[in-house]
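You will see subunit A twice below: alongside subunit B first, and alongside subunit C after that.
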Partner chain A sequence: MTRETLRTRMGWLHAWVGFVCGLALVCIFTTGTLAVFDTEITRWMQPEIPALANAQPTDIALDRASRMVRDQQARGMPAFLVLPSARSSVLEILHYDGHEFVGDILDPRTGATIPARATAGGKFFYDFHYSLRGGGVIGVGLVNVLGTGLLVAVGAGIVIHLRALLPDLVMLRLSVSRIRSWLDAHLLAGVLFLPFTVMMGYTGVLVHADRILPATPLATIFRHDAAPARLPASPLALSPVPPLRPLLETARLRLGGRDCGFILFSPDRLGIFASDASGPFMTRDHVDFGLPDGRVLGTTVTRGPVATTLQLMHGLHYARFLPLSLRWLYFVSGLCSTAAIASGMVLFLMKRRRKSGHRAAFRIAEGLCIATITGLPVGILSFLWGNRLLPATLTGREMLEIDVFFFIWAVCGLHGIIRSCCTTSPLSGWREQLVATAALGCGLPLLDAVGDATAWRQWSGIHAGIDGMGALFGVVAACVARRMKDRAA
Partner chain B sequence: MRRIYFSICNRRPQLTRDRAKRPPTPAIGRVRALAISCLLSYLVAHLLVMDIGRMVARHGNGALSPDATQLGYMIAIGCLPLLILACFGMWVRYRGIIAVGILGAIAALAGTVLP
Partner chain C sequence: MTILISLLSWTITLSCHAWLQPARYHLPPVSRTIQVAMRIVRVIAPMLALGVALTAGPVAGVLVWCATFSIAGMAVAIVVERLAHH
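Moving on, here comes the complex of A and B:
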């Protein structure tokens, strides 16, 4: 029996916490990485929306939009208005459907509704990233626990490799033994992107910290006092909305020249909020206007060292203020952090294959690993394929897209577990799913080009980026699958 | 074969069975240690959130401000993984648990002193 030292204990903690949490963390990091480009993915998934470069909303469009918001509110839908920005040139009237913000898209010049296909869009990845589609309490709480697990695993990893953090950066021996090369790749990705991983883990947990660390005594959480009888609220009459243009100009002045992001409408007032893209500090600063006359009721600007620090942390995590180049840097960093976690999981299995490879628990763990590392990309690519293959006019097609994603992913999970448990070659499950990734990824540009060439011309940058990334992943998956086949032969 | 053996020896074979109690495998002990570390660290982090909230509010205008709670969150979320690592890593003579336990006791006492 080996002597218990700090290093051996931390090695055990790093391996087991990393593997167990890693199964979900790979999904969280992958979808979070994609959510960096959530608006662009939504544009790709709605090719009907025309390109309107720097289109400022006209008075007619704003008035029409405010009337539509009021109509929806009269029907009991808590809608609000999102203004055009550098990344999205359309007006949007959104409401929360329990998972994402969905709604109508308006032309900023005329205010007419653009008949775009209903889609879950890039917001699906955003929702999956922070709640695993598990809702605001359970899902977000689970993601926070996993985020804390990530920080624990990273901390344990730092203790293990503390003496060799710098040498690890230049150590990549792909030609030596397989386990050694996987370890080098894990260390390289892990050490190089350590600040990014820690920053995203810490700020991510901090965003919803109250879900795991309530600021009230724990005993009060389980006490269910009878709620005071609430009198039925008398419905307030919805006051008419004055022209929005002067209000937007006033709000912009009062917010220190920052752009306006969205407008919330109450029955007797409206609030114009600063855009998240206006700076690294993600605030909810806003100007309130009374209705129907549009007089200024007040300006809410949050200041103070603690609030500013928190706003900066939120801003760094959400990354909505970043220009395109830094957004790509976030994307690449997210991919490398995902690769570090995934390579750690593969290493965990490789180290235990000789001793425990025959056990059912090991086989199931490998099946789950296959479902996570190779099955998730197949699910994501199927989601994009589903967007193009499902009829554009189908009702409820946004939910169908999500169903396609989960169905294909579940099939991959089942396939991975069956291949891992019922075959003599443990690599066959990995290889077959990599081949599926390669086929779907390489076929994505062709599918997109066949579907709608007009959108390709109008949004060439977005289509080139998404199709190119799909093809790149496809090629990488094909190379890895071929290499695995060579080794198995 | 067995029958022949019995006939030769004229007595039942002595089946060896290790009746000595096996020591717990390191993995089970470690899982237990991890569970204890997580629980204790969580309680300390929770107490930190509440205490920092009260402390800052006390030096301010007396009311519990959202800023104070947010500061508590920032410190507690940063400390939680470190507490778990300390608790789990320093297992010799339970040094980690004792250190984190003392910190928790101080936080709990501070909670009773602060308004």
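Moving on, here comes the complex of A and C:
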């Protein structure tokens, strides 16, 4: 009797917390899944960048890059230098624009600026994933609260399904009633990808836990965000930078042979940091050098049980150390976890349609579901289409790409709510947006092919992967739309 | 190769898991001897998968082990559903 009561209460908690948080969690999981390949998506969106396989930066390129960093700092821009890696073969001089790191791309052989189109790139998905474009305090805090909601919903779901958890591990019945099939699909994806979902939810909440449980008063954080630190504008304050090559070699030795990831330049010193890709423990270990002579000031290596645990949590969540094969496993797991949340939301509506389907609140909830589950993919595909269709030399085109994404998504949201509230067949809203996904997804490889054929040859793996995924989603959306049409008929 | 072996091991494990409950999954029943063999495989194959996965390192190994379990489970569920349906 007690257990039944507990299950009933957990059912309520799972349904409502899952649905309310799920509306945003689908977006967070989808963009997080795409962010697994953020560097690759950025490469796809900048076809002008030539393939420079295993190109090591030359002394000339490094010196030219350090001069550029100093020039930008003299103008008050807090720029830093990102070194080439296995995933990105170029030098980058980046600064934070309030949402993501943007800046110049340099040829690692010559140090010349590569005239690539400005793009929001895959970093947009990364930024959206962890902050919902809401900034460092409100956005990240909201995502953290939603992450906690996910863990609550998952915990409640485990209690509800505990008795059948192991026996029904691979249970899927598609030929029974529609609601039972959706429940099986939800349980299947939810249970099988439970380790991944819990790991990502827990580590995600933990890496930004300070945003909901701040160690410093919130007022301090707000004041810090309101006035971001800027470097002194006077060029006289910036010491000249010695040749970087010997410093990189020294840093590599002092960091235990780990690759160097990026270099931060202060007025009188520079810090060379270990690459995030050098292992599962994502550290900020670095070596400091004094300027202008380049003498070693010290090595900072953070160790200890708490620090190491946090480094592992960061490493597991950011997944920057993973090879390509494991990255794909993360991607597939992310998609299936998203599907688990989305199917739960569909179930929530199905269970209440008969009793509450006529109510305005239900219709709006369904409209929001349409906007989230089918509207978001339309927005994402439009973002990729926008990258190819907007003129490459257009000023401020990176913001226009983002505008395209939000505009199309807003249109989908409006369409979903109108279709849900104003028609007798709410399924038409789902179907029409699935058709839009199918058209945009299947058209993506064609759009890419008529563009720059050189980029296709140079980055064939990346183009095949992204175009292939677009086409695959298009085909899946077309199949679902067709099935819905058949059922309606 | 590590991923493939782990995936295969989990596929075998979860297939055995389904076949050990033929009534639940609407599958044809199997003989007592095969059931015993399946029980043994269901215990040994995940350990084999873990052993192989850990060659990629402790952290990456556990990630591979868990991810291949999930993906193999999806594949087995779809195949078992098709078999039961027919």
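By our rule, the second predicted complex is superposed on the first by the 464 of 489 C-alpha atoms of A that agree within 3 Å, B and C clash if a C-alpha of one lies under 4 Å from a C-alpha of the other, contacts with A are read in each partner's own complex, and residues count from 1 in each chain.
Here is the rule we go by: a contact is a pair of C-beta atoms (placed from the backbone, for glycine too) under 8 Å apart; a residue touches a chain by one contact, two chains touch by 3 or more.
Remember, predicted model here, so these are calculated numbers, not experimental data.
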{"item": "Which superposed partner A:Pro280 touches (first subunit B, second subunit C, both, neither)", "value": "second"}
{"item": "Contacts of A:Val205 with subunit B and subunit C, given as first, second, both or neither", "value": "first"}
{"item": "First, second, both or neither for A:Gly257, with subunit B first and subunit C second", "value": "neither"}
{"item": "A:Arg173 touches, of subunit B and subunit C: first, second, both or neither?", "value": "second"}
{"item": "Which superposed partner A:Leu329 touches (first subunit B, second subunit C, both, neither)", "value": "second"}
{"item": "Which superposed partner A:Leu188 touches (first subunit B, second subunit C, both, neither)", "value": "second"}
{"item": "Doubly contacted subunit A residues - partners subunit C and subunit B", "value": "none"}
{"item": "Of subunit B, residues touching subunit A in the complex", "value": "26-27, 30, 34, 42, 45-46, 49-50, 53, 67-74, 76-78, 80-82, 84-85, 88-92"}
{"item": "Subunit A-facing residues of subunit C, complex", "value": "3, 14, 17-18, 21, 24-25, 57, 59-60, 63-64, 66-71, 73-74, 76-78, 80-81, 84-85"}
{"item": "Residue ranges of subunit A in contact with subunit B within the complex", "value": "1, 4, 6, 9-10, 12-13, 17, 148, 151-152, 154-156, 159, 202, 205-206, 209-210, 213-218, 304, 306-307, 309-310, 313"}
{"item": "In the complex, subunit A residues that touch subunit C", "value": "167-175, 188-189, 192-193, 195-196, 199, 280, 312, 315-316, 321-323, 325-326, 329-330, 332-333, 336"}
